[in-house]
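Some structures are shown below for you to check.
Consider the two complexes below, in which chain A is the common component and chain B and chain C are the respective partners.
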Partner chain A sequence: MTSATDTVAPAARPVRPARNLWLHTERFALLFAWLIVIIGFSIALPHTFFTVGNLQNVLGSQAVLLVLALGLLFPLTAGEFDLSAASTLSVSSMTVAVLNAKMGVPIIPSIIAALVVGILIGLINGIFVVVFKIDSFIVTLGSATVLLGIVQWMSNSSSVTGVDSALVQATVGYRGILGMPMQFFYGLIATAVILVVLTLTPIGRRLLFVGRGRQVAELSGLNVGRLRIGAFTASGLIASVAGIIYAGSLGGADPSSGQSFLLPAFAACYLGATAIVPGRFNAIGTFIAVFFLFSGVVGLQMLGAQNYVQQLFYGGALIVAVALSQAIRRQSARSKIS
Partner chain B sequence: MNSLLSSGTEDIVDATSTPLLRIENLTKTFGGLAALSSVDLDILPGQIHGLLGENGSGKSTLIKVLAGFYTPDPGARAWLRGEVLELPIAPGYFRQLGISFVHQDLGLVPELSVVENLRLSTIVAGHRPLINWAKERALAAETFARFGLDIDPRETVDRLNNTQRALIAILRAVNDLGDTRGLLVLDEPTVFLPKEDTELLFRVVKELVSDGGMSALLVSHDMTEVLEHTDRVTVLRAGEVQASLATEDVTADQLVQLIVGRKLRPSKTAATAAARGAIAASVDGLSTGQVENFSFDVSQGEIVGITGLAGSGFEDVLAGIYGATPVRAGSLALDGTARAIADATPRTSIASGIVYVPADRKAQGGVAELTVEQNVTLPVLTQFRSWFGLSPAGLHARGTEIAETYDIRPRNTDALFGTLSGGNQQKAVLGKWLQDDPKLILLQEPTQGVDIGARSNIFDMLRSTAAGGVPIVCASSDYDQLAAVCDRVIVLAHGQIHAELTGDDLTHELIAASVIRSLTEVPAETKETLS
Partner chain C sequence: MHQRFRPVLTMAAVGIASALLLSGCSTETTASVSSSTTDEGVAYATAQIEKFSVDPAFTLDAPAFPLKDIAGKTIFNIPNTSGIPFIVTVDEEAKKVAETYGAKWVEYTNQGSPTEHTAGIDQAISQKADVIMLSQGINGELLIPALQRAKAAGIPVVITHTYEDGDPIPDTLKDLVAAQITAPFNESGRLSADWAIKQTKGKGNILLINTAEVPVAQGIIDAMKDEIATHCPDCTVKDVNVPIADWATKISTTVQSEIQINPELDYVLPVFDSMSLFVEAGVTAAGKVGSVFTASFNGTPAVLKIMQDGEVLTMDAGESMTWLAWASIDQVGRVLTGSPIIEDGAAHTPLKVITKDNVDETGTPPEAGKGYGDAFETGYKALWGQP
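And then the complex of A and B:
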């Protein structure tokens, strides 16, 4: 930085075109990758992939994964893991199903009960991590397993069906707007809300400091313990919202299938952190990542790939995403000395 | 010879005893600045040799050359046990040469047992496939018995007190020397030890030196310990040997002169101190870390410095007052209200207008990966709420204003904090804390790692802030800085006030002299054993 650029008016920021171009490429790389995947499969499969029905399928079916991943952004931003999110989702969907279908509780109170359960799970996770000073990885690994046991106990290890059709209508049944199921719009709303909370509120800014510089946060007077517990509580609450949507989309609940969301959700968060605001977990990046991953899976399956391709794709994406975000961090660390 | 004082005993040193280590003409420059210039050093066998000097006098550079960490400039020569020692020493090669180091942090693994720590180098080297722990324990117990130490080899190190840990580190270093006539380098191993325990430690070192033909090089800030326990002493100042002489021939006053240098007027006329304003903040009976029952006050617009040797407790005072580290006792009166410091947290301190600028900018001052604007606006986020959340325009305006006021370069507040130079980072941290009209400012080493230009900028900012009536406390071991900005400097020793300097006494040399002397004149009741 030359002293000439230092003395210009503060509003005029020094522009370095090369760096900005690179930054923009980096920001939208994931979006381009998604477009390439869509174009590639559309050329290869013009009659199955490149159809309105498939577009509606791809966009309309991923709300559960998207909402779950968005909830994970809170603990991840605060520098914590929540491995119990998928189990919380299972507990929540099973709570709705058991209360509503088996015990005859109306759907609205059942949903409220599921939300309360999600909040409690998050609180307990957070309290163990913060008060007993245990690594969140371990706490949530344990609570994930405990919750799975509870789900099996609640359900006698079998699926529960017969949830109020109003919930089914409200998630996947009604397709009045653009032919899309309502759950797609819930995903959109959740993305917008979490985008605002993480980037435009003091809480989001503080969580960022807790995650990136815990000592700085403490010395700046932030209530670090409360913020960390809050991050787990938010993750629990949002995971239970995902569980309610899941119960609606299945018309019931299943004691084990919720687990399959955990890895894709982390993959989406880490992949999302390479886009839009590179190096930071962010809502829009996560949104793009969810649909990028699912488009890839759908296309490969239409090409005749077996079901296992899903595991290969999601697992591989997680590793590649983490490797990429490490590279971004190193790259931005290097560009510091300029 | 650079000596100002010539050694009276040099001629009568037994001609047959070649020095264990002889260094000649050792120079080490960093970017044109000489950290060491033409240093000559002889360490005689069977002796404890003291190495004295202020911070930055070249002591640690000399040690790092011995450890093979630095390559000296061409022209230096060295002999070990009469044989030519090739310089530079390859990193880590000091072990084979029979040189062993005990650093201030001791390098012990607290979770491992005493005997495991003693054998750490064997374990790390991994030359032997099996370790006979029963035999090792017996050997360790035998060694402890020989020196009259009551330490259980099976105890884990985290259950030992500081003195026992230092002894373990020393015995391990001696162990690593094996049977060679080696050199034990003690790099300020006693700063956190109570006075009477250093006696025990030196009794052990003396015994080791006297019966093995081994020598010890004791690097120290503590003049008393050097006077009491060494056979010879070398004083470094600004990279040059000021004197190298027999300890019995030198007095404390001479040593202070040699360490600090010229201009040491004993100005008993400190009455030149400016009249002090009304008292703005007072700390009563603070006990935290090494600090015991420390009381002081700060007037409106006054800058008070707190300093001392490492281990004197001066580093613990401010974080304690702020509530960032645990406090045993003490109260703070500010704005007419007194409160217990033990109940303070950074949050309550900020709420009552107390701000703390930590020394460690990277870990505590700011987050490198976030922008300058995000860093400086963190404490004032709640002032920038808009109808939903934060007002980006308001935050940006504040960030820009701080960058202007505190001259943060570049002015671009979207730059990542980590991309700024040390000086600009420090200006940003100062801006972060001074923006909201604090009532008491606590600064820990405010210009550490800051370039000269930014340093004088920061001095000006501090003076103008104080001129506005705000009391400032600055803990620092940088005597130039203390002399430049402070109205009054308190020197701590053993956690208590040793001296208070004002007016004409506020020069680098006089502050340094007071600090160096601080351990020689300690009130007896402070010599409490730490556990």
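And then the complex of A and C:
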């Protein structure tokens, strides 16, 4: 099976000035595309799209997807897939809801329990992948299904509402800074933290080595097994954070809707890998991808486009962006030769 | 796309629609007087089926109001999901009526997640809508923070086609929702049970298929059980649960297994008609076409086509999509014009028993809203006046 890191092209290397232009074009193409989307819809819908309220809506409502996608960067960088991330999100949000709203456990211990659950899920995934040498795609596909069953059992297949209003306030209720809900800032903080971890710490570099060449990394003396388990654990932990934000944003939890985040999260990761550091999964690219896609969807919604048009945009943007990225890369290579 | 997959996808889509009927828990409907003998039970069930087999009458008794006063107002509609033909059709009809009376209709297309519904409410606030409609099964209890923002912005919210007739708006939403329109979900369960009692002459061996994550589904199942217990002393009944995500893979195999376990099985009653295709596949695979039948609820045109073409689905308790749309606009219009609302939300949107005998009245192939008569048009126009 193709590993996660094999699906995107190699990272940028030091280049000549001629090639530099192409690389810069590639690095910021997605950002430009986002700006074009914003400008285009602002012209078409000046009274609805180009408003402060809509800006707050676009930026303030995607924290759950953003955080979930950011968590996926760890296993993807290490060359693994974590298909259980959305299920972990569901388990986490339901843990908070059941403990707090149904069983009367205070909100802080409920949140801690959800975080512990996320860590355990990631740890178990990692152990199965590394110790039992099972492909991560299969392990996490299985664990995702098991977790969904657990969510159904925990919730008795029903929505659980009535989560402590303190969590609601802490995610979407309080809008003191720029009128934005706090969850936007959590997404921003998560982006910054993961950017630092993946690019400026030895762990991030080692994960990248593992993702690019596991055997070479082993021969270099890296503890590859531990790093891979760590990547899954980080993904589980961050998915559980996304679940806590989700529970706060809904004021409860429901057993099925968490799954709807899985494919958009992967789409954001892969789309983000065409930007900023082309060819490498990266936090800022993922951030831009999430909001680029959502801006387009909101604009289409406001234009009254049918649902299928949004799906065409979502899927089409991903394919076109990756294809253009590859085309620019080839052009860049030709420039280098000439 | 290959033709043979289309019905399956449609079923899956409408399956999600049912999932979308996420509502507050239903209460038990009022049971009728118990039938002490099988004959009495069959007579009762037959009378019920006959009563619901005719074109429904317009029975809403509500104060008239000038719907034309909604002219210039913005109705921001958030459907449960835009992926379900049933929901989309109802919304299109509602839009037509709203625009006829001069209102602006904003359709917030989405794929059915609470996150999108929340974003939709925020969009409505930023667009300064005059009213927000949460249509057809949105679980408002998962949108409380957004509903609080709508309330703070002074935008009233109307919930449609989500809660059972007679059920109040949940306590947690009472202060956040201006009005609702309810539907006779549980009555559909009673009609399915009555049909099975009538067809089996009071000796039915009946399997109920629940999908428990949809709260109205549990109410429908409870109503079916109550109807059978009350009017069919010689019937046997068993219920199984199949989660929505497993409809395509589990319903068919469950039906086959149940037929193996219980060869005397006569009727399979899934709560929503979108499950019927899979029931039919299971019955066919078990070689029981002609001896095991199914009946259900919704009147989805694609499912009625299955009734026209096949032998397994014999009854569908249909809802008129057009009627539902007009009922929604009626309540929204009352909120927008400050007229007296229908307090309990019971708009008397009816059910009609559709069988092999009258399914062609819905069109060949069946069309949305066709086959239910036009009593609602006359009735609502009398309440609303001219545009």
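To be clear about the criterion, the second predicted complex is superposed on the first by the 290 of 338 C-alpha atoms of A that agree within 3 Å, B and C clash if a C-alpha of one lies under 4 Å from a C-alpha of the other, contacts with A are read in each partner's own complex, and residues count from 1 in each chain.
Note that in this section a residue touches a chain if its C-beta (ideal position, glycine included) is under 8 Å from a C-beta of that chain, and two chains touch if they have at least 3 such contacts.
Quick caveat, the model's predicted, so the values are computed rather than measured.
Of the two partner chains placed around the shared chain by superposition, chain C is the only one that A:L250 touches, whereas chain B remains out of contact. By the touch criterion defined above, A:H24 lies against neither chain B nor chain C after alignment on the C-alpha atoms of chain A.
By the touch criterion defined above, A:N57 lies against chain C but remains apart from chain B after alignment on the C-alpha atoms of chain A. In the superposition on chain A, contact of A:R330 is made with neither chain B nor chain C. When both complexes are overlaid on chain A, the residue A:V216 reaches chain B alone and has no touch with chain C. Contacts of A:R226 after superposition on the shared chain: neither chain B nor chain C is touched. In the superposition on chain A, no chain A position is in contact with chain B in one complex as well as with chain C in the other. Those residues of chain A whose C-beta lies close enough to touch chain B in the complex are 1, 5-6, 8, 10-11, 13-14, 196-197, 200-202, 204-206, 208-209, 212-213, 215-223, 279, 329, 332-333, 335-338. If you check the complex, the residues on chain C that touch chain A are 19, 22, 82-83, 106-115, 118-119, 122-123, 125-127, 139, 141-146, 148, 172, 212-213, 215, 241, 243-245. Put simply, chain B touches chain A in their complex at residues 322, 324, 345-347, 349-351, 356, 358, 363-370, 374-375, 378-379, 381-382, 385, 388-390, 392, 400, 403-404, 409-412, 414, 416, 418-419, 432. Only residues 48, 51-54, 56-57, 60-61, 64-65, 148, 152, 156-159, 161-162, 168, 171-173, 246, 249-252, 254-257, 260, 298, 300-302, 304-307, 310 of chain A touch chain C when the two sit together in their complex.
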